[in-house]
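One structure coming up, written as structure tokens, with questions to follow.
Naming follows writing order (A, B, C, D, E, F, G and H), and every chain is counted from residue 1.
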Amino acid sequence: MKKEKIFIDPFDDLGYAKIDVHREKRKGFPEVVFCAGKTKKQIVNIAARVFKFSKRVMLTRVTPAVQPSLRRKYPHGTYYKDAQIFYVGTQPKKSGLISVLTGGTADIPVAEEAAVTAEIMGSKVQRIYDVGVAGLHRLLAFRKKIEVSRVLVVIAGMDGVLPSVVGGLFSKPIIAVPTSVGYGLNLQGITPLLTMLNSCAPGIAVVNINNGFGAGYIAAVINKL
Amino acid sequence: MKKEKIFIDPFDDLGYAKIDVHREKRKGFPEVVFCAGKTKKQIVNIAARVFKFSKRVMLTRVTPAVQPSLRRKYPHGTYYKDAQIFYVGTQPKKSGLISVLTGGTADIPVAEEAAVTAEIMGSKVQRIYDVGVAGLHRLLAFRKKIEVSRVLVVIAGMDGVLPSVVGGLFSKPIIAVPTSVGYGLNLQGITPLLTMLNSCAPGIAVVNINNGFGAGYIAAVINKL
Amino acid sequence: MKKEKIFIDPFDDLGYAKIDVHREKRKGFPEVVFCAGKTKKQIVNIAARVFKFSKRVMLTRVTPAVQPSLRRKYPHGTYYKDAQIFYVGTQPKKSGLISVLTGGTADIPVAEEAAVTAEIMGSKVQRIYDVGVAGLHRLLAFRKKIEVSRVLVVIAGMDGVLPSVVGGLFSKPIIAVPTSVGYGLNLQGITPLLTMLNSCAPGIAVVNINNGFGAGYIAAVINKL
Amino acid sequence: MKKEKIFIDPFDDLGYAKIDVHREKRKGFPEVVFCAGKTKKQIVNIAARVFKFSKRVMLTRVTPAVQPSLRRKYPHGTYYKDAQIFYVGTQPKKSGLISVLTGGTADIPVAEEAAVTAEIMGSKVQRIYDVGVAGLHRLLAFRKKIEVSRVLVVIAGMDGVLPSVVGGLFSKPIIAVPTSVGYGLNLQGITPLLTMLNSCAPGIAVVNINNGFGAGYIAAVINKL
Amino acid sequence: MKKEKIFIDPFDDLGYAKIDVHREKRKGFPEVVFCAGKTKKQIVNIAARVFKFSKRVMLTRVTPAVQPSLRRKYPHGTYYKDAQIFYVGTQPKKSGLISVLTGGTADIPVAEEAAVTAEIMGSKVQRIYDVGVAGLHRLLAFRKKIEVSRVLVVIAGMDGVLPSVVGGLFSKPIIAVPTSVGYGLNLQGITPLLTMLNSCAPGIAVVNINNGFGAGYIAAVINKL
Amino acid sequence: MKKEKIFIDPFDDLGYAKIDVHREKRKGFPEVVFCAGKTKKQIVNIAARVFKFSKRVMLTRVTPAVQPSLRRKYPHGTYYKDAQIFYVGTQPKKSGLISVLTGGTADIPVAEEAAVTAEIMGSKVQRIYDVGVAGLHRLLAFRKKIEVSRVLVVIAGMDGVLPSVVGGLFSKPIIAVPTSVGYGLNLQGITPLLTMLNSCAPGIAVVNINNGFGAGYIAAVINKL
Amino acid sequence: MKKEKIFIDPFDDLGYAKIDVHREKRKGFPEVVFCAGKTKKQIVNIAARVFKFSKRVMLTRVTPAVQPSLRRKYPHGTYYKDAQIFYVGTQPKKSGLISVLTGGTADIPVAEEAAVTAEIMGSKVQRIYDVGVAGLHRLLAFRKKIEVSRVLVVIAGMDGVLPSVVGGLFSKPIIAVPTSVGYGLNLQGITPLLTMLNSCAPGIAVVNINNGFGAGYIAAVINKL
Amino acid sequence: MKKEKIFIDPFDDLGYAKIDVHREKRKGFPEVVFCAGKTKKQIVNIAARVFKFSKRVMLTRVTPAVQPSLRRKYPHGTYYKDAQIFYVGTQPKKSGLISVLTGGTADIPVAEEAAVTAEIMGSKVQRIYDVGVAGLHRLLAFRKKIEVSRVLVVIAGMDGVLPSVVGGLFSKPIIAVPTSVGYGLNLQGITPLLTMLNSCAPGIAVVNINNGFGAGYIAAVINKL
């Protein structure tokens, strides 16, 4: 039975938020600010603290209504509208290719959240959108382009079938993302999530519905290995 | 173990959409544009590409807000308001009768989506609305009219009972469509869907909640056999 | 407002069962005896009454434990073991081809229930088993064989992806059957059912989980049109 | 604001059970012993106490394994095997007709629980079994017999459609009972329960899945009004 | 095996609706117009046809937005605002007492729908609101008033406990109505519905969530026996 | 078997509400007015009655739209905006420390409802917000502060992990509160609720989603022991 | 931002289990061995290690099949058969009264798990079984006995109504335990759990279905405050 | 629009199974035989075909009942009993460290399936079992050992909390596996699955309940990058 000293990592206490300024050291990337459910004032203040420590800050789920508050504070920040991501800081050097595929056009906002996240974390990203299995040849036409990637992010709503088909064709690790695109028994994305978790093709792991950020993040982490 | 060459079918790449221009050859009908979740600009551009290749294009879930953009581009197109379908192209020659039945008045929009789809795909359609089992004689009164159809599309919300009763009376294939009409434990259409999938009467298959298009499509395909 | 006389169709009353001897006239096929939940004695008696009127009787969900009771009564009956179907009567003349596809080997019992039902109802059946999308080329190799069918019955457990892929490739009506093959979030077949109901490919309708009989029945009805 | 004295009603304390000997006075019928989840010894002891006070005792969910323990104690008791009810006491005078209908043969055990309960509580009961809507004329043939009842108990598994159809035809109060008869999406009776709760026909109220006792009880209470 | 002529009952066909003008004869009360999901024009037209045949018409789920269209046509009609019921016709003679109880204040709209329905159908109604079990003595104080009723309608949201407690105290038939009052795991009324269906107290049957009309209807039917 | 007189406790009948003025005596705190689903007029009148008897009244779920009506009547009342609580009366003497922890910033409104409730009921409260396990050291840094509390209220949305971790570290009773903060499979708070109910760490009990009031109430009751 | 050394607490590594021998210091009670899912050998070895450090060990979910292995090793251990608890060690001094109530007889095993746990942790326990609301007077008869307890554990299956009623009557903190006693829509205990979480009566917190241990544990922790 | 020839990959047709002998080329590992739902004869035959082509074969879900059939055919095969894996072939050279962590002892079978899969696919594996958060120091003690891994597989039942905590501490990609270990609201593993999908810590992706194979597979694929 051994005993061991550990150090309490530093953090920055705003009362309503405790900024984990040690996160970059521990996880390789500073704390990302998830804006849903926070007030504009909270968002701007938290962003300021992260930026102060890490000289860069990434914010997700930045609606068009929230964006101006950030723009005012960071005129040189970049707002990725489709991705609803705001980023302040220098762009990293990019290496290692990730392919982001979608089943349909309506999945693109989630795909962009994944793609932009992976890019900001230092990955090259190739976008291949609307290659759902209703027209399978569209996917097969990209076979060679996909094969040169290191990680695949595969995004689909409706029946969520695309990752299974992609998993049957390629040997790369696949991060599957269900989206809430669909109606009726799509159940706000639960159906494609279930499909993806039951895939017969090995080599697939899944993130939460519409969680483009989570997919881009783990894809970038894998890509860096 | 045999080997075989296959050709990659053509498609048209808009970046955010890859139009499956080969679909008509493969499926017998050009790609139908599902408008929910797409921007007006995407809808109009995709429609233009489909029309260019197939000389006709059908769009579903066209809300009154989207319709004017299509109208401007296709002044001679037809907007089926109840069905939320926009169609550009010549009407096909119609043959083979499909009956579309509903349990109630509020199911009509879904029924119209089914009926118009089947008509555009070349089927004759007979509409028999509001013949739910609370007044069974209303259905029985149409017995002879129904018996001359080749396929039945039976649509119901609430308890979803109508297809079971119709299935007990007629020998034709039945495509059942649950609707989200109802409240409380209707569960946005899950209840009638479950009812229909558990029907004791043989000869019934089911499509997604409110999926009038899917019902009209498969009914027309069956009708053409 | 019209009035009309209708005749009460005949039936045969055993107390615990009322045999619908008029069914063959109304639906084109005699009442099929669903054995689950009935006692051996009830099964044999009901079968006898159907046989008496229609000179043939088909029973489903006939477990190996129930089979001997039927065998004793009908030494010339046929027991389809995989399909759990018992049939007494002459085989019909068969016409029109139905293809029955499965995603995996474990789906075969459900597939056999569908195939045997369709055969007894007068359809030719072609079995194409274990062509799931984890090895897509297995399906593509049967492309020509499938294209000559009039109706497709597509059966899958796990993620239930096969009907969507088949629906993207072929123009024939597809009856999709989810099976309870799988584990964890397969949810006893609910997941493949949801996948199939949300398919992006048009031309698909769905029956209850493991309902091979229902799929074979409606496929045969469609085939006869 | 008024104040009022109330008396604590008597009960009989066995430690593991507190027999509500006052129930007959309050509810018009002595406490019924629900045997599921109780040991044989508990069942016999509780029955003894109820019998001591009320000179009659009714027990439900009495499996064939439990029955002999009761038989030994009450040689003159009646065991209703299909209903799984054991009754000790004199039969009441019966008046007022209740009809108990089922959709199929497999629903009969639940129906018998309802019928026997209502009989022991003093109602006349008419059994009309296997009149499901797959052969609607079987139900219509009993129209006159049903119309002379005061209350209807309508029992169905599978799709649970029968109460809706009965509710469209008759003006009597209907107690609907879903059963767990079925498979796949029957969901152990949840589907027929949902169907019954969403019925378009007015005049229907529902009890728990397989709750024949509850249906028979309230039907008898209504019948006595 | 008997044969029997039956007459097709009359109905009135508007295309989008088939008015069941025979309902009053069959069910003892004319067709009630459920307004949710219907257009104003449909509502007014359907009401006119029912009124023409039956000299009275009752409409439910009449929102304040729909009410003026009815008012214009029927200046002498009565709009029960809390109940969202519009009634045109003479008031029936009332007899037989029904008590309508609620657990809380927010359940009152559902309770009023039940109470007004029962009154229009000829029952006397006694309202006893906000007697939930958090203050049990409030219920006990009304013991005598409740005991003189013939039927009880018991309405509750949140935990849905009230019918069980009432069922333990009174011998009258209880129609329980769950409401969607609550938050979080109330699940829009599913929780009180489940509670009510599992009640240990016998003599309770349940209707759909918020279905005050259904409860009032069956209570009135029972009351008339 | 004993008999016993009990007195009916007093209450105050407004028709639509029966104020339980005896609650303070029975439960140690006057009836708290839950405002959701009540009209402004009902709220003000009920508050007036409670205040008249108890000389203090607490109201929860007081939206900014409702607040002015209360303010007008009680200019000296306190409106806790984050907590959506309105309180009229003197502040109690506070003793015994409760710690209220949250996983994130967006959980604060629920936390404030808990904290203010506990304070008004006489407990000292220490707020420790945004100490979720993504940065575990933030929680560990408050170890000593937490150890001096008598009761912990631990609030989390998303994955609901915080109570399990807190339960592994501290010996005090923990009241866990799931919040609806999150998206996709958070399922409006069902996921953190399930997590909390399955916690491996002993000493945790759970209240309804977003039920800050319930958590603060029981924490204060425990604290007073 | 502060830094702080913390010590890694000791544990005992068996490979397949890491005994948390520091738990008693941290939580006030040694690690309790949950036996479900562990082999007999693992159970005996883990128990031995806990006993070695703490001179006492408590094991839960000890089925009659597992018990002899423990008995052989610990001939002086106590096996509480109803509670399925095995305890080795001296009995603590007991103080502070906890009342354990159940709705029915079948809930007793869960109640015993709660009661024995609380006793072993040093609380006095009073058992009040089968006081469900179908006979409310049974509960009221114990009013005085209950009022002298410090904490209440209230256990119910079926509709789960008892905690709400108890919560309306008593001011003590209530730990509610749903059980899987029931059938049909009891949903293996989900229904009473939902009922308890939505209780209108304040002062109630809930543990997992059948989790008698968890309830007894937190009740004892609260009792010790 | 481009056209492209593709070759149909070879497969081996047994009728009931179509062996994807091309899988190794496409996916880097031969088809793995999932034994659940297959007969012994099917399993042995399929294994023989895979082995013939690839000189190695891995089978999962090999119960002790199935194992002897394989053993007879492959006396030199290895049966990993805890993992229920049977492997025939030479062991690969192993490189790159994967850590497999579990929350508890009962999760070990799933963990072994993951560990053995990854080893057979050429990864080094470090097992760290029973480090759940109820005793957090057990996890912290392995901090350095974990930090040298390239990929983490984190397995938990009950509340499924472990991956979130691990995700907060380490920068490596995490594959989370929910297990069905637990009771009541664990819902056969749905609860830990939901927890893991909603984790606040980035860098986590999830596989199906109890899917140790899938986790080990994708971890090995990532490890090889």
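For this structure, a couple of remarks:
In this section, a contact is a pair of C-beta atoms (placed from the backbone, for glycine too) under 8 Å apart; a residue touches a chain by one contact, two chains touch by 3 or more.
The model shown is predicted, which means the values in this text are computed figures rather than measured ones.
Here F-G and C-H are compared, and the pair linked by more C-beta contacts is F-G. The pair from B-E, D-G or D-E that reproduces the interface of B-C, where over half of the contact pairs by residue number are the same, turns out to be D-E. As a whole-number value, the distance joining the C-alpha centres of chain A and chain H reads 25 Å.
Our note on geometry: chain C versus chain E, Cα centroid distance of 43 Å, whole angstroms. Per-chain Cα centroids separate chain A from chain D by 56 Å.
Here the spacing of chain A and chain E, counted between their Cα centres, is 50 Å. Multi-chain contact residues of chain E (touching two or more other chains): 2, 4, 6, 8, 11, 104, 134-135, 140-141, 169, 184-186, 190, 193, 197-198, 202, 208.
Those residues of chain F lying in contact with chain E across their complex are 8-9, 11, 15-18, 20, 22-23, 31, 36-38, 42, 46, 180, 188-190, 193, 208-211. Listed in rising order, the residues of chain G touching chain E in the complex are 103-104, 132-136, 158-161, 164-165, 167-169, 182, 184-187, 190-192, 194-202. Residues of chain H that touch chain A in their complex: 2, 4, 6, 26-29, 32, 140-141, 143, 150-151, 169-175, 193, 197-198, 202-208, 213-215, 217-218, 221-223, 225.
Taken in their complex, chain G has these residues touching chain D: 104-106, 108, 129-131, 134-135, 137-138, 140-141, 181, 183-186.
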